[in-house]
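In what comes next, chain A is part of two complexes: it sits with chain B in the first one and with chain C in the second one.
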Partner chain A sequence: MNRQRAAGPLFVAPFMVLFLLLFLAPLGYAAYLSLFQERLIGGTAFVGLDNYTQALSDPQFLHGIGRVALFFVIQVPVMLLLALAFALALDSGLLRLARVVRLGIFVPYAVPSVVAALMWGYLYGPDFGPFAQLGRSLSLPVPDFLGDGWMLASLANIVTWEFVGYNMIILYAALRTVPEELYEAAAVDGAGAWRIAWSIKLPALRPALMLTLLFSVIGSFQLFNEPKLLMTIAPDVISSSYTANLYAYTLAFTGQQVNYAATVSFLLGLVIVIASYAVLLTANRRRTP
Partner chain B sequence: MPQNPFPAMPGRSSMNRRLFLTTTGALSLGAALTACGGGDSGGSTGSGKAVARADIDKAMRTPTELTFWTWVPNIEDEVALFEKKYPAIKVKVVNAGQGTPQYTKLRTALKAGSGAPDLVQIEYQAIPTFTITDSLLDLRPYGASALKSTFVDWTWGQVSGSDGEVWAIPQDTGPMGMLYRQDIFDKHGIDVPGTWEEFAAAARKLHKADPDVYLTNLAANQVAAWHGLLWQAGAKPYVTSGRSDITISVDDATSRKLGEYWGGLAREGVIGVEPDFTDSWYAALNKGKYATWITAAWGPVFLSGSAKATAGKWRAAPLPQWDAAKPSSGNWGGSTTAVIRSTKNPVAAAVFAQFLNTDPASAKMFATEQFFFPATKALLTDAEFVADAPSFYGGQKVNQVFADISSTVNASFQWPPFLDQAATDWTETVGKSLADKSDTLRALGTWQSRLTSYAKNQGFTVKGS
Partner chain C sequence: MTTTTPTATTAGPVRTVPAATPARPRRGARRSTPLTIAMLAVLAYFLLPLFWLLIASTKSTQDLFNSFGLWFSHAPQFLTNVRQTFTQDDGVFVHWLLNTVLYAGVSAVGAALLAAAGGYGFAKFRFRGDRISFNLVLGAVMVPTTALAIPTYLLFAEAGLVNTPWAVVLPSLVNPFGLYLMRIYAQDAVPDSVLEAARIDGAGEARIFFRIALRLLAPGLVTVLLFTLVATWNNYFLPLIMLNDPDLYPVTVGLSSWAAQAQNGGAGASSDMLALVVTGSLVSIVPLVVAFLLLQRYWQSGLAAGGVKQ
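Up next, the complex of A and B:
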């Protein structure tokens, strides 16, 4: 074997080791755990797929999945369209203070989600929150941001605010790789700014958009931090099984049902794989009409 | 989660006049250890023989390092007293989070079989969730039984096992009382309610007179307060016998009385139900939205740091009563020190747990530096302690009020071995019914059935449900 052929596996080795240790091993362990049931009284017993049959008919788990699916369908398009709009605006070169704007949109991503959720929790406050106070002073009705009807929208707002900047940076970076010559050629052909955006920029952005979309699938279905934190101020609205991820956490750390928590996590992972695949498939089908 | 909300210690400056000058009423650890030297562990069923005095002495002279998980701020000061007396022993203090986060880490370490400390701070209500997994060391062989009379009677029941085991040493307590706004009461001609009936009447009267003000807030997320009120009413929601038998009665006559009362007031809209220890709640206390705070003995110091805008307007009183002739109270909060069974240094750890909470200088330091409400009888009758009259409470002797309440706390209250589950289920049933102004009695039934099926699922034999 010559040196070059040996170099390949060597370069891949660090990744493979980490992948094995940090991804496959825990995954395998979770799968193993999910086949048992440990009780406070009576110890551990092998139960086969019982946990899975239980989870598939567990309303708390199914409602959690349904809720994050709804969240995904509503929040992600809004977030990505905003990110796209900002990226195109920045790239157009027409904005004043472009650097400041770019930083300003990105900064929320740098704010830890714990801090963000606390801050929004204060802003949403029904008594002393600024929106409520403003509404009261103008005698306008203020939606009950932390109530049953608005909670999902309030969460979507927090997540959007946090991640628009992050997605915008990805899209913006992709735009910067488009060769200037293409724009010049289009301009020579008489294309305006809108036409360039539609016919050159958007197609160039497709891979980056797919990437942000996939990140969003994973992020939405794993929704945890924001509901977990708002739970302290709206315990009657956000239950311990509000999202599937939160449910898995509750099972493990509140109910000490580690095995069932492993089952729920494993199923959640499966849902994410399926959802990602479905998204990819839909997008690819559109590409080749 | 029910826990002693002490991390910020906001009231330090306002209470620093409270200094003890004497060590009268002091307890001696030496006496406790001598008492067990004869070989009798003090426990009736004799699980674990007493460790001989000579072995204890030897262990205390052997260089040892103990790890102690606690969230008490500046506890290094108390630890220093111990290290001064036993120079061979070093105690490493680790803050592994307050309450539930610490328990979660502890559970993980115990499960992993490594990384668990020698000692932990543990709240009364969490003890059974760790004894069910055999995680705590019975302290009887190390002379703990002799300390029984040192502590307020009800605390000993909280740290004792069904066979007389001593699972932990009490550190501080939270007998429940009522803090109220004298100025709001005066303005609306309200007398301090002595019974819950008077309390309800006052709630209606006050809210009618001023729709922006409520007599109190019963937080829809605070199961600890609910448990404390159950405790006061004499309820026995969880009774365990043996290892696997439990009677769950969170929906019995006493609970339903409470459910009807508080659920009714919530539905009428004459009390608040917002979550406590949130920004909004702090603002509400500062701005006079609530005229009382039903709280525990740690409440006065906490409030004086959190509601500075209202200094001088508050007073303290016992809880309103169901039966004014037989005053009683419950407990909310307070911690203990327990030794983890896996420790390699059981003697040193057990002696440390006892020293920390019974050594006169150390116990006094908790009361004066950390402003813990004492668990020892000696401090509760300490002239200096009860004479403290903070200006936040208009010069009222607040400690005396709570020291008196402490002796009325019902001694037979028990916690379930799955408190976290009980708490979560409460918030999602009873708490939710208060917040939603829906049927609290029905919610009690749901709580009962959720807990029952959880317990059965965990292998318990559930009775009386």
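Up next, the complex of A and C:
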């Protein structure tokens, strides 16, 4: 028993050591750095929470957060509803070629977001993008996908394309674990397909939906790859502070404002944790009124 | 997620989802043609960009501008493009591919083993501080990795690790969600009775782990491995900030640097850069897509384990 007591910590030690060094230490370091400011004269000075007050009234930071919040509020419901619809369609058993459809929808997940953003960027293109080409040859107006008014929607489309399949598989896998007897019992009671979906399948999907929602919060708020890639095609539309994460990157690597960048990263992490908790709490309250 | 979700229930038995089973054959259920057609339309949307990429990789940069995007041009030159992609800048693209394989492979194997040992330790042993340590890891699932990346960069810069492969591999080794998955997996996949029996036979704990537990954990291990592999293969932010020597780039950062060149340097039909970006993109996604098709059984059961249990 003694030997056993010693073994537990030894098994978790390698992970926990790296976790401390590579997870908690950077977090602590960011917190520490965020309390200092580099001054032209006098070097680095302790400034308390000055960086935070600066960030919280910094329009570039606030716009970045606002933009990803808007993105989250619109893109995530669309993506999750689509994923849910596809998962239910696959699970219904009414589909021919179900395997092909499932794989086809999932395949974009295996495509790096860099490649996804590049491909869609070229597809959106006003010169040789096929949509623009088709529009020209049919004399139909094609929206300026890379223009100011459309950019957020274009980014949302890329992210949706990448992750619908991933979310669909999580939901579909959860559906497959519903015991067959439940359906049989419901059928005996005269429940139709819609009724079964509403009363049996959706409740069974709750934990899986929570998981996908949580991952989506984390993903949306740290949006970076797609806007960074499209920035090279549409530099006038996507500024270097388009999303909060892009802003932190710009501050650290082009502005050399290390302390402020750490503040922005730290705040962004805080926003994500708060948003995640808010989502979890709301979802939980709705279940047990 | 025990701490983060108040809805948490204790984990039931892990149900590995049989991905290979066909959709539920329900009595009296007929295949629906309208639904099938609707889903095929959906499928077209998801495959359109990949179809475009396939077509585009057969074109010269000039034809990319001058021919219809969704069909072949008069002078397909796929092999020329591939050859140019691989020989551009003294074959730097080959470096990128090998770097990606190296970073993703080492990270995935390392992360999976660390998560397996940790998950097993948390699932099967009680020790001082086990609960608080595990909750700390669980909470970390919510901390965004990209928000962590900049402070990590600053720390690594002080330690002199920036612009080395370590800078990309080390942070990828810690996968809190992987540890969480391995813990719930280990709880059921490794029965206590088996451990007790081995102990009575006099086997040491390390031996029990490597000889018995690891084998029972194999399916869970493969899932964590696969997902870390995809995550690191596709990673962009971390290598982008950590590396500045093109010879060390993974393929994602390399392609984005080419894309930037195509846009700024030789914009227009005169440069060959665009064709290289397109062909390089195609070449870079083939291995992962193939791997996913071959390993469907694993990724599906892995996603199931994460989605069913909280």
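One rule holds for everything that comes next: the second predicted complex is superposed on the first by the 265 of 289 C-alpha atoms of A that agree within 3 Å, B and C clash if a C-alpha of one lies under 4 Å from a C-alpha of the other, contacts with A are read in each partner's own complex, and residues count from 1 in each chain.
Simple rule for what comes next: a residue touches a chain if its C-beta (ideal position, glycine included) is under 8 Å from a C-beta of that chain, and two chains touch if they have at least 3 such contacts.
Note that the coordinates shown come from a computational prediction; the quantities given were computed from them, not determined experimentally.
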Practice prompt. Have a look at chain B and chain C on chain A after the superposition and call it: clash or fit.
Written response: clash
Item to complete: For A:Phe128, decide between first (touching chain B), second (touching chain C), both and neither.
Response: both
Worksheet item: Of chain B and chain C, which one contacts the greater number of residues in chain A?
Response: C
Discussion item. I'd like to know which partner A:Leu40 touches here: chain B for first, chain C for second, both or neither.
Written reply: first
Practice prompt. Name the contact category of A:Leu140: first (chain B only), second (chain C only), both, or neither.
Written response: neither
Discussion item. Quick check for you: in the superposed arrangement, does A:Phe86 touch first (chain B), second (chain C), both or neither?
Written reply: second
Item to complete: State whether A:Ile233 touches chain B only (first), chain C only (second), both chains, or neither.
Response: both
Practice prompt. Classify the contacts of A:Phe253 with the two partner chains as first (chain B alone), second (chain C alone), both, or neither.
Written response: both
Discussion item. After the superposition on A, what does A:Val114 contact: first (chain B), second (chain C), both or neither?
Written reply: second
Item to complete: Name the contact category of A:Val188: first (chain B only), second (chain C only), both, or neither.
Response: neither
Worksheet item: After superposing on chain A, which stretch of chain B overlaps chain C: 39-47, 75-83, 93-101 or 291-299?
Response: 93-101
Item to complete: List the residues of chain A that touch chain B in one complex and chain C in the other.
Response: 122, 127-129, 232-233, 253
Worksheet item: In the complex formed with chain C, which residues of chain A make contact?
Response: 3-5, 7-12, 14-16, 18-19, 22-27, 29-30, 33, 86, 89-101, 103-116, 118-120, 122-123, 127-130, 133, 161, 164-166, 169-171, 173-174, 176-177, 180, 183, 206-208, 210-212, 214, 218, 221-222, 224-225, 228-229, 232-233, 245, 248-249, 252-253, 258, 261-262, 265-266, 268-269, 272-273, 276-277, 280-281, 283-284, 287
Discussion item. Using the touch definition from the top, list the residues of chain B that touch chain A in their complex.
Written reply: 104, 107, 132-133, 220-221, 243-244, 274-275, 277-280, 283-284, 287, 289, 417-418, 420-421, 423-424, 427-428, 431-432, 434-436, 454, 457-460
Worksheet, complete the sentence: In the complex, the residues of chain C that touch chain A are 1, 4-7, 15, 17-18, 21-26, 29-33, 35-36, 38-40, 42-43, 45-50, 52-53, 56, 64-66, 68-70, 114-115, 117-118, 120-122, 124-127, 130, 133, 136-137, 140, 142-155, 170-171, 173-174, 176, 179, 199, 205-206, 209, 230, 233-234, 236-237, 241, 251-253, 255-256, 259-260, 263-264, 277-278, 281, 284-285, 288-289, 291-293, 296, 299-301, 303-304, 306-310
Worksheet entry | Of all residues in chain A, those that touch chain B in their complex | 39-42, 121-122, 125-129, 232-236, 239-240, 250, 253-256
